[in-house]
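This is the structure I want to talk about, given as structure tokens.
Chains here go by letter, A, B, C, D and E, matching the order in which they are written, and residues are numbered from 1 within each.
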Amino acid sequence: MQFFFDHFFELTITGLALGSIYALVALGYTMVYGVLQLINFAHSEVFMYGTFSVVWVFYLFGAGADQSTGSLIGLLVASMIVAMVVSGGVALLLERVAYRPLLKKNSPKLVALISAIGASFALAEAMGLRDRIAGFLGLEGTLTKYVAGARDNRSLPTTITPDPLFKIGDYNVTTVDLLVIVMALLMMFALDRFVRRSRLGRGMRAVAQDPSSAALMGVNSTRVYQVTFLLGGLMAGVAATLYMIRIGTTRFDAGFILGVKAFTAAVLGGIGNLRGALVGGLVLGVAENWGSAIIGTEWKDVVAFVLLVVILLFRPTGLLGESLGKARA
Amino acid sequence: MSAASSTRPKAKGKVPKPPKAVIIAIAVVFFYALPLLHLPIISTPDSDFAGVLFTMAIYVIVALGLNVVVGYAGLLDLGYVGFYAVGAYTVAMLTSAHGSLPFLVVLPIAVVVAMISGVILGAPTLRVRGDYLAIVTLGFGEIIRLAATNSDWLGGARGVSKIPAPPSIPPNKADGTVTDPLFEIPHIKWDGIIPSIDDETKTRFLKFGVLDAAPYYWMALTVVLVVLIADVLIKNSRVGRAWEATREDEDAAEIMGVPTFRYKLLAFAMGAFVGGLAGALFATRQSFVNPQSFALLLSILFVAAVVVGGQGNRWGVIIGASLVVYLPERFREFADFRVLFFGLALMLLAIFRPEGILPAGRTRRAKAVEEELIAVEEGSDTDGAEAEVKPSA
Amino acid sequence: MPELIKDTPSEAPAPTPGAPILEVDNVTLKFGGVTALDGVSFDIKQGEILGLIGPNGAGKTTCFNVMTGVYKPTSGEARFLGSSLAGRKRFEITRLGIARTFQNIRLFRTMTALENVMVGVDAHSTTGVLRALFRTPRQRKEQAYAEKRAHELLELVGIEHRAHEFAASLPYGDQRRLEIARALATEPKLLCLDEPAAGFNPAEKVKLLELIRKVRDSGYTVLVIEHDMRLVMGVTDRIVVLEFGRKIAEGTPAEIRDNPAVIAAYLGVEDDDDAA
Amino acid sequence: MLLEVEDLSVNYGPIEAIRNINFTVEEGSVATLIGANGAGKSTTLKTISGLLKTRTGRVVFDGKDITNMAPYVRVKLGISQSPEGRGIFPGMTVRENLDMGAYVRTDRKTPAYQEDVDRALTLFPRLEERIDQIAGTMSGGEQQMLAIGRALMARPRLILLDEPSMGLAPKLIQQIFSIITEINNQGTTVLLVEQNAAQALKRADTAHVLSTGEITQSGTGAELAGDASIQEAYLGGAV
Amino acid sequence: GSDDKDTASSGSDTSSSAECKPATIAFFGPKTGDAANLGLNIVGGVKVAVDKFNAEHPDCKVTTKDFDSQGDPEKATPLAAQVINDKSIIGVVGPTFSGESDATGPAFAEAGLVTVSSSATNPDLTTNGWKTFHRILGNDATQSPAAAKYIKDNLKSKKAFVVDDASEYGKGIADGVAKDLGDLVVGTDTVQVKQTDFGPTVTKIKASGADALWYGGYYAEAGLLAKQLRAAGWKGYFVSGDGSNDPGFVEAAGKAAAKDARLTCPCGAATPEFTADYEKANPGKKPGTYSAEGFDAATILLDGIGEGKSTRSDLLDYVNAYDKPGLTKQLKFDDKGEVAEVVIYAFKVDDAGEIVLDTEIK
């Protein structure tokens, strides 16, 4: 306990940074759930592909151990854009391949969940077998760097050292903490505005509530689904970049646990609710850190899930409640 | 499917009873004999077939239990492995880690403990709406696993070993010496397509040893049959209808006099009961449990088995569960690519057979309608009390 | 396994003819700023058909929801056969003997018509898991009875020929009939119909009217919300009129027809041939 | 001809809901479909608006074959529907629902748009009172008003009304039919499905009787209203 | 699958060399799945030994069959039955992990099929009374005192912090280290396998003022923890065991953060000759953790076959009595199946990010 009070600010701020990443990934779950009432199980892989694209951009530009600050920022911006494109692309691919055929047939939601689980396995394994796949295509030689250690950790070749910026309590907030939290807030704000204000945003809410009525209003549901997945993917791309800045290492199954956490965050905040995803992510991140400090790190996931259950008991639709469909503009 | 089948007119029921009974009997005997037959092509070439069959039977039990929760009551449970673990760990605790009770005494305790854990989980959380339940149950499964991992009392990450086998018949001597079996059953061997009796390999009837999984498989298969019959009986009753109504429209069901919460809890408890049963059998066969055997992915695999097979259709679910175990064992040569192919297969199945391999009663009911119409034309009568006795397909 | 589901229907005292079966006593219900019911009192007598009418949004459906336990009134209470419904679970109220249909159809869509009705019949059966498992004679009897009864009720509402079709695939009108059959299946003492004739053409309404009478004659008390005046005037014994959540009139059909307040609020001035 | 329906057949799985239906609707007219429950009236409307796929036949709107167009494209072309069961967006407010009706319009900021909102609200003052209420909590009749108001917001050329009078109080029913006449006078073509056959036939320029998926009779509204067999079957005898 | 690595001579080959008969040995462990790396390292070592043997004994070639358990006890059980039912197999290299050893041990024991593990280090495994179980490396109970000694004596630590990953292996070894460090321990913490963010743990370690950290667990998490510790400015020694002794540690931590980390291991560094042989037998691959042990384990079985042991029981007896110098140590088992001589080495990560031998811990 003493430890917890002594390090309250440090635990809280690093928890917020962790939670920001949860929140950005949670957005993908929340968007798709909000519009389609589907748990997009494969979203974790959308995120994971983003993390790899960051690593590969670094490889591509031949980044080394010591990179000047200027070039590092350039690299990060470039890799963020690439990660957004890649994650967005994977998300669109998912929509096209794993979901649309089912939505067309109006299949039960659970079936879509299974399709998503299948897609998730396939995507993760494709990354984990990239050396073998490249081998089949005869590209192993040319891509060595990119396909090496397919089932192992891959790290950024550059170490990003966080610089202390200012003190809160006795914790030195670092550049990385600040960057992660601020980026997450910005993205969230932009997305929230888009969904609330834009015409397509209204279309999304309409499709969420009643797809056939929405069609009768002139809403192109296919487009809505695409945009939903795309936006989720873009956010996952940002999350992937921030994750690589913070953690610096990824592997083919890195999405799984993070995905579970992010999904928990989405539910915690009220699934389908964009602001809920943010709140849920931050609460979860902080709760994990506090729980680790107070009870012990081995129980942090237990703390997270118990928190979830308790919150759902008192607020059955999550902290902020309401689904995307029902959110008031 | 309840009413449609039970009211299905005699037009079909008139098919004389004996042949049907014979067909069922032959099928049952065939399934019991499977590990002895060493059928070419079907048997897994790279892993002991009886052992694989045992695992398949366990998954079938699990899937039948989960089908009650997911398929009948419509509650998405992503933490079903938790109950499986509770069953397995109860056995491990009481027979090895903290006691040395015999397996047959512990088995009923294990299923009851699992059922109680189902009620404990369900009572507060079943009021949570729809998909929220999915994540809550997922959390439950994880909590069980983490508790087992982090608690030394439960064996920690190292797990619990030396779980005893079920008692052999006749029983072995107290000092562990194996007594003679009642009789031995020879296996079949194949020379190309010509079968012959293999005098060298014999299974000792009802002797549970570590080398031959066949007796374990027979035990599990017997449990499968019992669970299956219970499933048929319950689904075709008012309880089954109440579940279905609750799944379709909870409010309307409530107003039609269905205490929905109790029925959901019942589904949860029964699912947990069956899950615990499977876990207990698993533990005694494996003689060893550790938390890794109860990972989150397993829950997901279970749900996949149910949905891919055809949620709500017990036969479909059985096929789904069997395939989930069998395919990766049968096609071991894909090695690294197994998971990739498994993922793709799940996706393709979902897309091309969204109703599952065997769809739930739905389409079959439509067929029942046609039969009904024919029957009505023929003026044959329905005799509910009679017709309900035969299990529906 | 313990008998988890043991729900023998609670016995309510047998109703006496002519006595009030249901009393709505000074019920007020507020939703935030909207007062949906404002001190409404009326009662339904054993064996009668009571009409509940009023303009759109007057609070009729809300009144139903209070009676069937969906909403808890802000103040006041509803009493069924003398005992208060406050605090009772919805399924208990059904078993006490109140059944209803929904204005927005709410069938069990992927169950067949027959099964939908059987769920209603089941309200009074006692089969639990153990009985089902052991196929007790009682269970078999109940099952056979449920089927027979469900067929009878489908016959009664005229959709027996669609018994094995999914509820979702029935046309709108038949879905309404199925709702009635399902409600009747719970063996209610009081049957509440929320706009049963919506979506029917006049000829069908006539048949419905006959059905409602038949139901009453078989001993049920009926409360019906309906906007079709021909039907309401034709079938009810008494009418209660709501407007803005308040009761503005109560009386025989003839009295109501000529009540100026009702005409102003609800009926409007009719064209002759539009008496629909 | 604004709308031509040729040889239309629609199935629900194996069930044939309508068979080889032919009819046309002239620009500026009011057409009506009447028929018993399950005759296929709603099916016909849903097929015209694109919610259902045809098995055979075509739908031609304003000379264009729209048979295989997605529903949202048809809305852009000017077909708007007030569906059976109302289909309001239960989680949106009344105002948002009205806005959704105008989803395909690009003039949201113009006075013309505001005028249309005002028109819907004047037609149904109840909606104005409850403009910020969540639509799902409205009463049945209120939702019906909203569904009609919303369909009008698209400024369609052809409006498909599926039982608009359902669930409305008698006073409002009269009003609904005057509204239909009024919007028709303003130039909108109306295809009306009604159980209230007497009223519908009175207003209809052309009328068709559907019976178990086929058109059995067609004529002007007045002709059919005077037909004895129709009176017998659909208008109901005296009570 | 059970891919035949080498062309087996046809079974009916009755060569003049009366003593040595063609035989089959099995590898039992993960070749796919999460734990595949370790299994593949061992398979590579086995292959070196078998190739060498077959070159020396052209008329009694040995075949290997690989049984891929994915390191999963549940999958391992039927697979073990398969191995046992394959009467041609007379010896097994494996099982690789302690969990699968636990699950399959009784079956191998009952079948009298000798197993030589090159990596399962759970101390309890040799207490089950299985006559067939052998391992050729020190168990966790021997590694942890050595590690503790190294931290105390070589690193001269005053305050040590102990972290484990709650895995069977990691927790076992970390508990042992903590016990042997005694008063030196200023704090402990437990993380999870596959965790990537170690914020609170880092905070705890820093706050404890520890100058050395023992991490019991595998390289993936070890690398990330090391990296996050350095990023937070912690300056002490990062020490971990054989589970982290892998280039993957350096990859995950980054060279800067990995620098000067210490990794103990009951395994020897690969000799240059072995490395060369390994690369020849497994083109494009380098020996890794336990490759040399895999080689030694296979060698024991192969020596027996070379001396004409052609039945399971003969080979079992042979292994029990074995006493020869191996690549990694003197190979000889006590009556429980533990290797008699245990050598523990300490490695360190040099400036170039290579894991190099630091010292043998004595």
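Keep this in mind: a contact is a pair of C-beta atoms (placed from the backbone, for glycine too) under 8 Å apart; a residue touches a chain by one contact, two chains touch by 3 or more.
Bear in mind the structure is a predicted one, so any value in this text is a computation, not a measurement.
Note on connectivity: the fewest chain-to-chain touch steps from subunit D to subunit E number 2. Taken together, subunit A and subunit B share the touching chains E. Most remote chain with respect to subunit D, judged by CA-atom centres, is E.
The chain pair with the larger count of C-beta pairs in contact, out of A-D and C-D, is C-D.
Work out the mean CA point of subunit B and of subunit D, and you get 51 Å between them. Spacing of subunit B relative to subunit E, judged by their CA centroids, is 37 angstrom. Measuring from the averaged C-alpha position of subunit B to that of subunit C gives a distance of 42 Å. The centroid of the Cα atoms in subunit A and the matching centroid in subunit C are 49 Å apart. Shared interface positions of subunit A, i.e. residues touching 2 or more other chains, are given as 298, 301.
With touch defined as above, residues shared between interfaces to two or more other chains in subunit B number as follows: 146, 149-150, 336. Annotation for subunit E: residues 36, 166, 190, 192 touch two or more other chains.
Chain pairs that touch one another are A-B, A-D, A-E, B-C, B-E, C-D.
Within the complex, the subunit D residues that touch subunit A are 49-51, 70-72, 75-76, 80-81, 83, 87-93, 96, 99-101, 103-104, 134, 150, 154.
For subunit C in complex with subunit B, the residues that touch the partner chain are 1, 4-5, 7, 68, 70, 89-91, 94-95, 99-100, 102, 106-112, 114-116, 118-120, 122-125, 127-129, 131-133, 135, 139-144, 146-148, 150, 163-166, 182-183, 185-186.
Residues 33, 37, 39, 97-98, 101-102, 105, 107-108, 110-115, 117-126, 129, 132, 260, 263-264, 267, 271, 298-299, 301-302, 304-306, 308-309, 312-313, 316-318 of subunit A are the ones that touch subunit B when the two sit in their complex. Listing the residues of subunit B that touch subunit C in their complex gives 2-4, 6-7, 115, 230, 233-234, 236-239, 241-242, 244-245, 248-249, 251-260, 262-263, 265-266, 269-270, 273, 362, 365, 368-369, 372, 382, 384-385, 388-389. Note for the complex: subunit A touches subunit E at residues 3, 6-7, 10-11, 14-15, 18, 65, 149, 151-156, 159, 161-162, 246-249, 251, 253-254, 256-258, 288-289, 292-293, 296-298, 300-301.
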